[in-house]
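Note that chain A is present in both complexes that follow, paired respectively with chain B and with chain C.
Then we have the complex of A and B:
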């Protein structure tokens, strides 16, 4: 119960923090970056969690898992709804190329580091099948980047919409790729573990995947009917939405999968059999994006375990450095490949947004800690959070360095 | 055609959930959940979540969707939506289809806490002091006569019913009398939740609706105090314990009620400040405020119902214009909460227990209904109220739901050392179940009839 009491207090604080009256406090670029990254919520979570002020105990965190299911299901549906085929068809090819490049670069670069780091951390004594899911988490959480570009926008130069789109659209696509990649590999990993033999159990994974796809289809089709019945009434829409989100998230968890995966697939099906009711529903879902983000980061702070050994810290540091190198290389590669975009992408250092970690990474790590709340998974969540903070700070540092090279820019975020 | 699609969707969702649980129940979390202890790759042991907890998320979603559809279906058949919510809860519950297992029920208690606080906030917001000022004589007379009559009438009847049903032994011993008094106190309970839900559902915000709400809330406020006294005295007789501090009962009640009212004032001011100054994310604020009220009340041993009623009353009556947005948001959020709350109440109804004592429970339900009708009529006449709306007011005082169920749970916990605890709880739940099913339908009919009487009078005038 103390968890919910704490969340009540914290959400009240978060609500106050998002008020217009505190707008001025967010004008500093550093504060803006931190707030947009969700880090104050994480900090509060850590302070009150089992490893901080112990206001919230391990036991009550476990008791809160239905709340985590609801929140992650919400995020998943939100992401899935955006993957409408009519929108995807309109996205320019270079954006897809950038995402494919990001996936390849990340799997090779981060994948190698993650494999070495995890094997080292577990002393190489653990069966490889068990490490599939943690590896998938570290790789998936490195895909894409933060869509929030405002904090590091240069006000001295004219607003370049094509560059903004070039940064934001692939990031959205990478989020979907991250959820799918993690979802698929997690199914293989968990099914392998549940056999007790700790070997790959692909037939079991395929069965679970089939069940999740069936769940998404059933939810998509029934969701369309339910939303038509809900009509314009916000109360009805809210009832249907909460029902869909918790049902798909909960059943995905029962199928040993991340609630994000099932919910994203359901959102995809729902979005692609779109009616006006579904589109209205999407607006309704997106309205709460900010608050849901705050709650995800808060829960992540409460759940994460930062008692990392030297190996864990080394793994986190390696992931940050490799990330910086990979993302900057990726943008240079993209700029060279796409000459037309080269003009706006040449000063790559003026767009260090690509270094910032996607918020989906935190949701993915939280979902893993939900399905199997082990110390190891909580420490992995801790690593994802550390990488996120370090990447944000690195992006700010790079941005300031680039300002020194090209002086005359404003220091305030808008 | 629409009904067929609705039923098909309900069946599809339920069957799908059952298939997942039957088909994958053995493979999902197999090793982990059965042993409840796992070892992670670092070699550190950890506790895995219980199956009931893992399943709670999907069950909440299923209950929300299916109850929503059942409510719509009930409305198509001119029944109250609440009846649909309850019915589906019974059907999916541990003693029927077992889609939701008994091991999930403890994790759903939070829904109850949230719902009671939200319902009480709405109830408080529905009380217009100006209305009560103008009708205080009617409200007070009806409420007091009703409480007195139902309490005394039930207390006289119940020793016989409990004896005939085999729950208690010899008739004229302290035990059946004490048990009967406790049950009679619970028989006084109403359901502001049902009253509010039916009014919101039918969009009939008539003066009878307001009067019904005012009477039910006043009655429940009295009931909380009455119940504390009765339980303290009666349990000392039943459990035969010397530990019962009956002398401290007065102090307990004073602290309980006084503290709850004071907390309600503080909460009301805080929520009004937020709504007035911050103004953002009101939906989330309402949900978490209700959680806050429920959990803080539990922690401070206060009555969440009174805290929330006082807060709602304060907000509505002191800052009516500023709080309009808050109460609008509250109404939007109330629908999923009602769906879940009543469905969960349905889950708790034990069909097996009901099957052995249903006829005695039904007999008592009929007798209680008669007492409610007669006392409301008498109260109405004594108040000398002129309008014909009082003819159907009794129908609002029949439904029982969350508060009565909560009191029954307290009785079961308090009397746990005694062998009568379980049978008494079963009997109370059976009575509440009948009142839950019959009550909303009756009140819906009552509201419609009273409105047509008022319209006929208006047209004659």
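Then we have the complex of A and C:
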């Protein structure tokens, strides 16, 4: 009966999703913001998952772990491939300054809230070393912001590409920083757990890190060779790529590290020793970005546990409010700095896209739930998703408020 | 005017009816461009080439999810469109070349359009 009900619900959702009325409604700014945030896929995942329609059970999710590894590895390599030195050298200094500022602000602001909230949530019954990984997740997921600016763009003003790049590039850099930060701290936290001694296990963490770096270098070099040998055949290149992604992701997981971290390192090595064949294939990798994004959000919806206590919900709310304050303060600080350099970024102050959570946060939380499956980590994933939705709605609200205050000049990307 | 194509004015003032059609090629794979250009020159077909961007590429640049630095990648979109007005027999040769000599994966999309009227076209 449950299966019948679930199928009925899915069919109903499909009919609604393909109806003309929804197609029209989808064009609204509210709907386009939510769709671009990936939330419909999360909703479908929740509806299908163990905490919803139970079409996909916990056991099935366990068997689907290799799919999760593949998807996260794909994301990691895609991010790492972009971190080519030739690209990084082209990025103006103010973008890097903004990222450094974001990291500092986030570690101080979000880090404080996360530490207090996690200690309160666990009632202080666990050693601080165990909370390193959850703390790292909450901090890393708060770095950066959504790179999609289209849904909050004001059509009445000209499209300013420079401002959009100033919003998009630092966020991309922050995503890389988030993956590295979380990867490193997760190694420390995981090693501390595995030794059974509730202290920081820096020595074993360093060994694991060395192994992952060596793995990334080997796979990067091997990947270059294999992709070159695969020639121009898309099918051959895809086969090689899938093998690399699964291998680096799977081995990273076995080393108790996030597959995102290992794959990003491998992508970084591959991108910086790339041949024309590899660069040509990169287009194909990036072309699949939206599809991979939908799968990440779907898997997150399937995996997340939203049975949060009052403390958990309070933590989520606190993270949202602190995030809003921090990001707006960061942008104001950046704008003040830029004025000194005669580069006006006044419009950026009124662009609330910086409040939106970066999609990489969902991927990081999913990877934690994969590497260390536990109810607590699934609830952390739930918190990350709640923060994401709330931040998206807050950004839309602020955008509308800014337009009322200054119609035609406020809240746009230009 | 010929019903099947446009008229072409010769330099001595007389008109010669030739069956001219417009050839439009959408070249999505940049590594097939050289072969196409060479073939067009071999068959005596001139044309105009413009850089273009596919819808998917536009969406990727406008709505990145994870790859925000892709917009800084130092290359063109890779897509080109070629517009040419040429005699039908030459265009047919070009299409035969595309179908017979080029790998399926590297073939451009090509369409021919009949023309009612042409002005400004010179030899």
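One rule holds in what follows: the second predicted complex is superposed on the first by the 372 of 414 C-alpha atoms of A that agree within 3 Å, B and C clash if a C-alpha of one lies under 4 Å from a C-alpha of the other, contacts with A are read in each partner's own complex, and residues count from 1 in each chain.
The rule is simple: contacts are C-beta pairs under 8 Å (C-beta built on N, C-alpha and C of every residue); 3 or more make two chains touch, one makes a residue touch a chain.
A quick note: this is a predicted structure, and the numbers were derived from the prediction, not measured.
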Checklist entry - Is A:168 contacted by the first partner chain B, the second partner chain C, both or neither? => result second
Item to check | Between chain B and chain C, more extensive residue contact with chain A | outcome: B
Next on the checklist: Going by the contact rule set out at the top, does A:234 touch chain B (first), chain C (second), both, or neither?
Outcome noted: both
Next on the checklist: Under the stated touch criterion, which partner chain does A:376 make contact with: chain B (first), chain C (second), both, or neither?
Outcome noted: first
Checklist entry - Does the superposition put A:215 against chain B (first), chain C (second), both, or neither? => result first
Checklist entry - Touching A:90 in the superposition: chain B (first), chain C (second), both, neither? => result second
Next on the checklist: Output check: A:40 vs chain B and chain C. Expected answer is one of first, second, both, neither. What do you get?
Outcome noted: neither
Checklist entry - After lining up the shared chain so the two structures overlap, which partner does A:245 touch, if you call chain B first and chain C second: first, second, both or neither? => result first
Item to check | Footprint overlap on chain A, comparing chain B with chain C | outcome: 234
Next on the checklist: Give the list of chain A residues in touch with chain B in this complex.
Outcome noted: 1, 4-5, 7-9, 11-12, 15-16, 18-21, 62-63, 65-66, 69-70, 73, 118, 121-122, 126, 130-131, 134, 191, 193-194, 196, 204, 207-208, 211, 214-215, 218, 222, 225-226, 229, 234-236, 238-240, 242-251, 253-256, 259, 288, 291, 372-377, 379
Item to check | Touch list for chain C against partner chain A, complex | outcome: 31, 56, 59-60, 62-75, 78, 105
Checklist entry - Inside the complex, what are the residues of chain A that reach chain C? => result 36, 38, 75, 78-79, 82-83, 86-87, 90-91, 147-148, 150, 165, 168-169, 171-173, 175, 232-234, 279-280, 283, 286-287, 289-290, 292-293, 359-360, 363
Checklist entry - What part of chain B is in contact with chain A in the complex they form? => result 5-6, 9, 12-13, 16-17, 20-21, 23-24, 27-32, 38, 40-42, 44, 46-49, 53-65, 68-69, 72, 107, 110, 274, 277-281, 283-285, 288-289, 291-292, 295-296, 298-299, 331-336, 339
